[in-house]
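The two complexes that follow have chain A in common; it is paired with chain B in the first and with chain C in the second.
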Partner chain A sequence: MMLQAKNMSKSFGGVHAVSNCSIKIPKGKITALIGPNGAGKTTLFNMISGTLPSDAGKVSFNGEDITTLKVHERARKGISRTFQMTRTFKNMTVRDNLKLAQETTDDKLKIALSKVRLQGFLDHIAGELSYGQGRLLELARSMLLPHTFLMLDEPTAGVNPQIRQEMKKILTDLRKEGKTVLFIEHDMDFVMSISDHVIVLNEGKLLMEGTPKQVRSNPKVLEAYLGK
Partner chain B sequence: MSVAVQLIMNGLIIGSIYALVATGFSLIYNVTKFVHFAHGSVVAFAAYIFYLLIKLGLGLPLSIILTIIIASIFGAVIDWIVYRPLRKRKASAAVLLIASIGLMILLNSAILAVAGADVKSIPITNPVFDVWGARITQLQVIIIAMVFLLLIGLYFFMKHTKLGKAMRATADNNAVAQTVGINPQKMYTYVFMIGSGLAGVAGILVGLEQNLFPEMGTSMIIKGFTGAVIGGMSSVPGSVAGSLFVGLVENIGIWWLPSGYKDAIAFALLFVFLLFKPKGMFGGKS
Partner chain C sequence: MISAYFIHLGIMFGMYALLTLSLNLTVGYTGLLNLGHIAFFGIGAYVTAILSPHMPLAISIPLAVILAAAAGTLLALPCGKLRGDYLALATLGFTFICGSIARNWISLTRGALGIAGIQRMGSNTMIVVSLLALVLVVYLILKWFVSTPTGRVLQAVRDDEVAAATLGKDVFKHKILCLAISAGIAGLAGAFYAHYITFIDPSVFSINELILLLSMLIVGGLASLEGSILGALILVLLPEPLRFIGFPSSLVGPMRAMIFALLLLLIVLYKPRGLLGKVDLE
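On to the complex of A and B.
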C-alpha cells in the first residue's frame, strides 16, 4: 500500500465530518474517493495532505507514520495535491509557478506544459488564465513536483468537456508511469472510466470500497446518493 | 526657484528613507498578512545601536554593517518571541496587530529607559553642494543613491532568486506554497530579517541625517505606513512611490504652512486615502 489512513476522525463544533474512517490507497493505481455532498471526502482528503489537523487517527505513507508532519514536510515526502477551487500563484508567471515546484530548464517546463496543452503560456501571468487553464496549470505544477502520490480534489469541476478529456488522458498517462493517484470527483462517468479502485464515503464513514463495477452494482451506494 | 528645488530635494531625501521603512513594512505585511506596527521601533532601535557603536569607536563602515546585522537578527527574534507563539495559537490578524502596537510601546519605552529622553546626534563631516540653487549635502546624495540601489537589489532578489520567489509564493497563497514544499515559518523568519535589515539601514540614515529621540520609531512608522497605504499595501513598488509622495507633499506643504505641520500633512494624506482609496494607488480596486 502506498498510503494508509487509520481511524481518522474530525469534528467541526458538534458535527462529525469524518468519524473513525480507515482507507488504503494501492500503489500505482488510480483511486477515486466518492460520496454524496457532506460525506466528508474533502475533510478526509485535507487530513491526509495535512492541510487540516485530524482529531484522531494515523496516516502512514510508504510505511512511514506522517501523522504529525506539516503540509510542506508531507509535500517533500512526495505527496502532491490540488484544491477544489483552483489555486495558483496568481501574481506570478506560469514559469515561476512551475519553477516553485521544481527548479528546471525552460525546455523541461515547456514539455510539462505540453502535457496539459498549455505550451506557449510560459510567460503569462497565472491570474490571467481561464479557470480551466488554471486547473491544468495546477495539475502541471503538481506533476512537476518530485511526487509519488498525487491527490486531486475535483479535477474536472467547472472545466469544459475538452479539458475533461485531457484530464482523463493525463491521469491514465500517470498510471502508466507508475504514479499513484487519489482523486475526489462527482462526475461518475469520469470516475468509472478511469478508476482502478473506488472508495465510497457516506456521512463521514466508509460505506464501501472496490472496483468501479462492484461500486456501481452496490445498492448501498445508490441508496446513499438517492436516499431510501 | 531655489526654494522650490530645495523643498523638492528635501522631500525626495526624506521620502527615500520613508520608502525604506515602507518597503520593509510592506514586505512583512504581504508575507505574514498582518500589520507589524513595531517596525518603526526597529528603525529607532537600529538608530540607537548605530549611535552606540559609533560612540564605542568602531568606525563608520563596521558600525553600519553591525547595525544592519543586529537589526536583522532583532527582527527575527521579535517574530520568534512575540508573533510565532501567537500564530501557533491561531491568533487573528487583529490580535497580532494589537501585539505589534504593544511591542512598539514596549520598545519605545525601553529606548527611553536605556538611552534617556535627550535628543542625540551623530557628528559626521558632511560637505555641502549647490544644485540649482538648493543646498544638498554629501550624505543626502548617498542616502538617495543607497536607497535606490537597495530597492533595485531587493527587486532582483524577489524576482530572480529562489528564496525571493518562495517569499512571493507565500505572500501570494500560503496554503499552496506549503503544498510545493515551502516552509511558511522559515519564510516569516526570512521576511522579518530582510524587512528589519532595511529598517536597520533606515535607522542608520535617519541617525546620520536627523537627530535621535526615543519616539522617533512612532513617527517613522506613521510615515512608512502612510506611504504604504498611499501606494497600496500589497504592492512594494507602490509603497516606494507612496513614500516618496509623502516626503514630497509634507516638504512642499511647508511652503504654505509652518514646518510643525509636517506630521499633520502626513496624517491628512493617510485619512484621505483611507477614506477614498483604501487600497492605494497601486493596490487594485477598493
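On to the complex of A and C.
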C-alpha cells in the first residue's frame, strides 16, 4: 500500500465532517475518492496532506507513520497535491510558480507547461490567468514537484472538455511511470473511465470501495447520490 | 551652511531608505505586516550607544546589527504562526515593550533622560557617503536575494503560505530568516542614527516614526526595492519647503502631518499599489 489512513476523524463544532474513516490507497494505481457534496472528501484529503490537523487517526505513507509530520515534511516525502479552490502564487510569474516546485531550466518548465497546454505562458503573472488556466498551472506545478503520490482535488472542475481528455492522458501516463494518484471528482464518466480503484464516502464515513464496476452497480452508492 | 543642510537631508534619506528597504522585505515580499520594525531600529541605536564607550565602533556597530537580528528572530518565534491583523498587533506590542524597557531599565538606558554624548562616527560628509554607499549595497544584496530560490519562497509565503508548504517549503523557517535579515538592517540604520545624532532616548521607539516608515513603504509600493528608495526620498524631501515659507514653527509639524495624510490618501485612491509597487495592499 502506498498510503493508509486509519480511523480518521474531524469535527467542525458539532458537525462531524469525517468520523472514524479508514482508507487504503494501492501503489501505482489511480484511485478516485467520490461521494455526494458534504461527504467529507476534501476534509479527508486535507488531513492526509496535513493541511488540516485531524482530531483522531493515523496516516502511514510507504509504511512510515507521517501523522505528526508537518505539511512541508509530508511534501518532501513525496506527497504532492492540488486544491479544490486553485491556489497559485498570484503575484508571481508562471515561471516562478513552477520553479517553487522544482528549480530547473526554462526548457523543462516549458515541457511541463506544454503537458497542460499552457505553453507560451511562462512569463505571465499567475493572477492574470483565467480560472481554468490557473487550475492547469496548479496541476503542472504539482506534477513538477518531485513526488510518488499525487493528490488532485477536482482536477477537471472548470476546464474545457478537450483539456479533460488531456487530463486522462496525463493521469494514465503517471500510472505508467509508476506514480500513485488519488483524486476527488464529481464527473462520474471521468471517474469510471480512468480509475483502478474507487472509494465512496458518505456523511463522513466509508460507504464502500472497489473497482469502478463494483461501485457503479452498488445500490448503496446509488442511494447515497440519488436518495431513497 | 547650505551644504551642511543637504548633507543632513542625505543622511536622513539614507537612514530611512535602509529602514524602508528592510521593511519591504517583510511586508512587501513576505506579506508579514510587521509593526515591530521601528523597535529593531531602536535596539540597534541603543546597543551601539551603550557599547561604544567600551569598544571600537567597528565592533559595537556589528554587534548592534547582530542583536537587532537576534531580536527579530526572537519576535518571529512566537509570531511565526500569526498573519495579518494578529501579527500586526503582536509586533506592535513588541515595539511598545521595547520602548517600555528603554524607559524603565534606567541603570542601562538612563530611562527617559536618554543617552547623551554618544561617540560621533566621523564627519557628516563621511557619514553621508558611507550611508549612501550602504544603501546601494543593501539595495543590490536585497535585489539579488529576492531573486534567489529563498527569495522566491518568501514571495510564495506572501501569496499563499499553505500552498508554499505543500511544495515542501518550511514556511516558519523562512519567516524567521526574513525577520532576522530585516531586523539586522534596521539595527544598522539605528546604529548610524545613534552615532550621527549622538543622543538617543526612548522616543526612537515612537509610533510616529513607524507611521512615517509605513507611509514611505506605501508611497513607494510593496515588493519594489526601487519603490522603497523613492518613497524614502519623497517623504524626506516633501516637508522641507515648509521650512522656507516662514510659517510659525508650531504650524510646521501639523502641516507636515497633513501633507503626509493627503499624499497617502491620493496614493490609496489613485495608485493603490504605490508608485512602483508590484503587489496590492491587502
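One rule holds in what follows: the second predicted complex is superposed on the first by the 228 of 228 C-alpha atoms of A that agree within 3 Å, B and C clash if a C-alpha of one lies under 4 Å from a C-alpha of the other, contacts with A are read in each partner's own complex, and residues count from 1 in each chain.
The criterion applied here is as follows: a residue touches a chain if its C-beta (ideal position, glycine included) is under 8 Å from a C-beta of that chain, and two chains touch if they have at least 3 such contacts.
As the structure is a prediction and not an experimental result, all values here were calculated from the model.
J.: Just from the overlay, do chain B and chain C fit on chain A, or is there a clash?
T.: clash
J.: Mind working out whether A:Arg135 is in touch with chain B, chain C, both or neither, as first, second, both or neither?
T.: After superposing on A, A:Arg135 lies clear of both chain B and chain C.
J.: What is the contact status of A:Lys179 with respect to chain B (first) and chain C (second): first, second, both, or neither?
T.: Neither: A:Lys179 stays clear of chain B and chain C.
J.: Just chain B (first), just chain C (second), both, or neither: which does A:Lys41 touch?
T.: neither
J.: Looking at the overlay, does A:His72 come into contact with chain B only (first), chain C only (second), both, or neither?
T.: Both: A:His72 reaches chain B and chain C.
J.: Let me check the overlay on chain A: which residues of chain A are in contact with chain B and also with chain C?
T.: Of chain A, residues 49, 51, 70-72, 75-76, 80-81, 83, 87-92, 96, 99-101, 103, 141, 145 contact chain B in one complex and chain C in the other.
J.: Under the touch definition given earlier, write down the residues of chain A that touch chain C in their complex.
T.: 49-51, 70-72, 75-76, 80-81, 83, 87-92, 96, 99-101, 103, 141, 145
J.: Help me check something: in the complex, which residues belonging to chain B touch chain A?
T.: Those in contact with chain A are residues 162, 165-166, 168-169, 172-173, 175-184.
J.: Where on chain A is chain B touching in the complex?
T.: Residues 49, 51, 70-72, 75-76, 80-81, 83, 87-92, 96, 99-101, 103, 141-142, 145.
J.: List the residues on chain C that touch chain A in their complex, please.
T.: Within the complex, chain C contacts chain A at residues 149, 152-153, 155-156, 158-160, 162-171, 223, 278-279.
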